């Protein structure tokens, strides 16, 4: 199924509108091109509604949030939803500041995103309405492990039920749920956390998968999570003894560029709960 | 001739002031360093006139346009022109929103750039005063092909005549015209479209070539177009079976860093119309 | 000693808050991850105090300064200092515009940074309260050479005495002084100047070293300077005949990711004055 979703994405070349941070915007753009989509970054309030109307999907990422960009995110988000376009919310660093937490909560309420993609700390901050994120990585206590998998899966499911969104919590094990079904995904490498923006890239990728297959958002999100993790695995297998996180960054995007649908179909490792 | 223009650029190390987008600014900076120029990015209205006065050329790129940056672009552009510095306008996404179209038109009128560099959809939007760009890539109907080459060349020539600028329309075939002469340039690879910002990089490169050879803007622009395309060819020939668009991005800039004047002279593929 | 400082950094994984430019933010983030720190970029006045309170160190970089960001830098800087966190100031392009010079001077006065890291032209602009920087690179007349080393060392020492900060002047030879002792550091490669943002990366790295070892800021800054230069040497030794500045950029960060404490200990080349 995931192979078919990737084929569909490559056949449709959806235009993806990203309102995102300046740290990882370049990587998100190249990752979108690699997967078969086309990126457009635009965040000025004077154009975001028009731009998102041209696009097939919208990705909202608060990684370097500016107060003046929040109204642009809201306006674009509402317009995208009105047009039936999938909207992905990446609440980067929610819980790390009142501004980020309140912005993420406001976008949740005003936009009602199709997919929320974050790490455990960010999603817990959303669920609580507050939180104590340590930077932009998940706090140690928030790591998904085989031991707390049931509990985490229940949390993701409940958040999906409450928000009406598909929720993707990514970490050592990734959980994707729509309140009915939950996918536990085992693709990925811990070294991906040493490359800035792999989470942002995944959110952009999910936007592309959802835009190409808007009627099956849960499966599209799960496909994106598997694809990103699998590319991390493929890229890691290319690494030589002198290569570090910068080469890894390049190889992950390369792997997406070269990812064959059959490779995704066979390499995806998951179970349903 | 192009080899000599590259030698001149490397001898002069011109400082190039870029008011550009945050998606591809890093690539533009590294490409400028690779070609022998020195980049400075600065967009605050409070400093752009001073900065551009220190520089030898100015590149205006509206890829992630903010309304508050437009006055900075106008002020810098007017100052650069008053000082006799070449100004390049890259109307990224013109036609995709009223904001971008009107900003590009305003810069055209207020600044009177030395060179306009865009794809067919963007330049048509400028010519019409409006348009329907699909994102930041040329729409399929706007592709330059051997079949519509004469028609496209006439369009570029007419736009150059009307604006007083050299116009470079880039695509499968590139056209560079100053209303008198038109160069048709055949360098480049289609895979360059899968790397974000190759157009932005070309605009920055053209700024460097024009700053180093301000008396021959048509030839300088054509040299930049050939050089960028040739680097795309050289980079592509290095690609291994696992390499994708991220490695290609790196290799294109590497190729510029290593490009010998003789290689450019001999590798440039063009004809005059 | 430098090996121990690197071990301490890797053991502590300090969160480093960067208010920095959009040109090199991605490289700074990956370099911070490579050295063992964790980056968070945040520049909105509404959150910088909270963010910097979560972090262990703060890096202020004015590479693409916006007037509205300056109050955020001041507020974050004062808060970080009040919390006892080390603050690094990178006065990119000070002297190139009145805005940058006055911003750098204002940050110097309002924040009293723990470390100032710049090239000779930038630091001279700070010392004079004005200056004539050529872009963001040191002017030719400001190069540190064996001939003017004594004079430059005296300048750095005096600036450290006057500001109360450790001062790191980087160039062909790097000088790091706290008004008492001065380190002359010989690591590095001239080709590092052809990669955009190696100076910004060094400032971020210094922030990480200082955050992990706040009681020995002079040694921490010197360790960062040696480590960055050594990574430039290691990366250069990997370069093949087709590799240029873009591959070099990747390899420098890779080298930091792979840098063993013993390698730093043995590869650091310096003398005390």
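All chains are identified by letter, namely A, B and C, in their written order; residue positions are counted from 1 within each chain.
We adopt the following convention: a residue touches a chain if its C-beta (ideal position, glycine included) is under 8 Å from a C-beta of that chain, and two chains touch if they have at least 3 such contacts.
Values in this document were obtained by computation on a predicted structure and should not be read as measured data.
Chain contacts here are complete: no pair of chains fails to touch. Subunit A and subunit B touch with mostly distinct residues; of the residue numbers seen at this interface, under half occur in both copies.
With each centre defined as the average position of its C-alpha atoms, the distance from subunit A to subunit B rounds to 33 Å. The set of subunit A residues that touch two or more partner chains comprises 22, 26, 249-250.
Contact residues of subunit C toward subunit B in the complex are 21-24, 26-27, 63-67, 93, 96-100, 134-137, 194-197, 242-247, 249-250. Interface residues of subunit C facing subunit A in the complex, by the touch rule stated above, are 15, 22, 25-26, 29-30, 33-34, 38-47, 50-51, 54-55, 238, 249-258.
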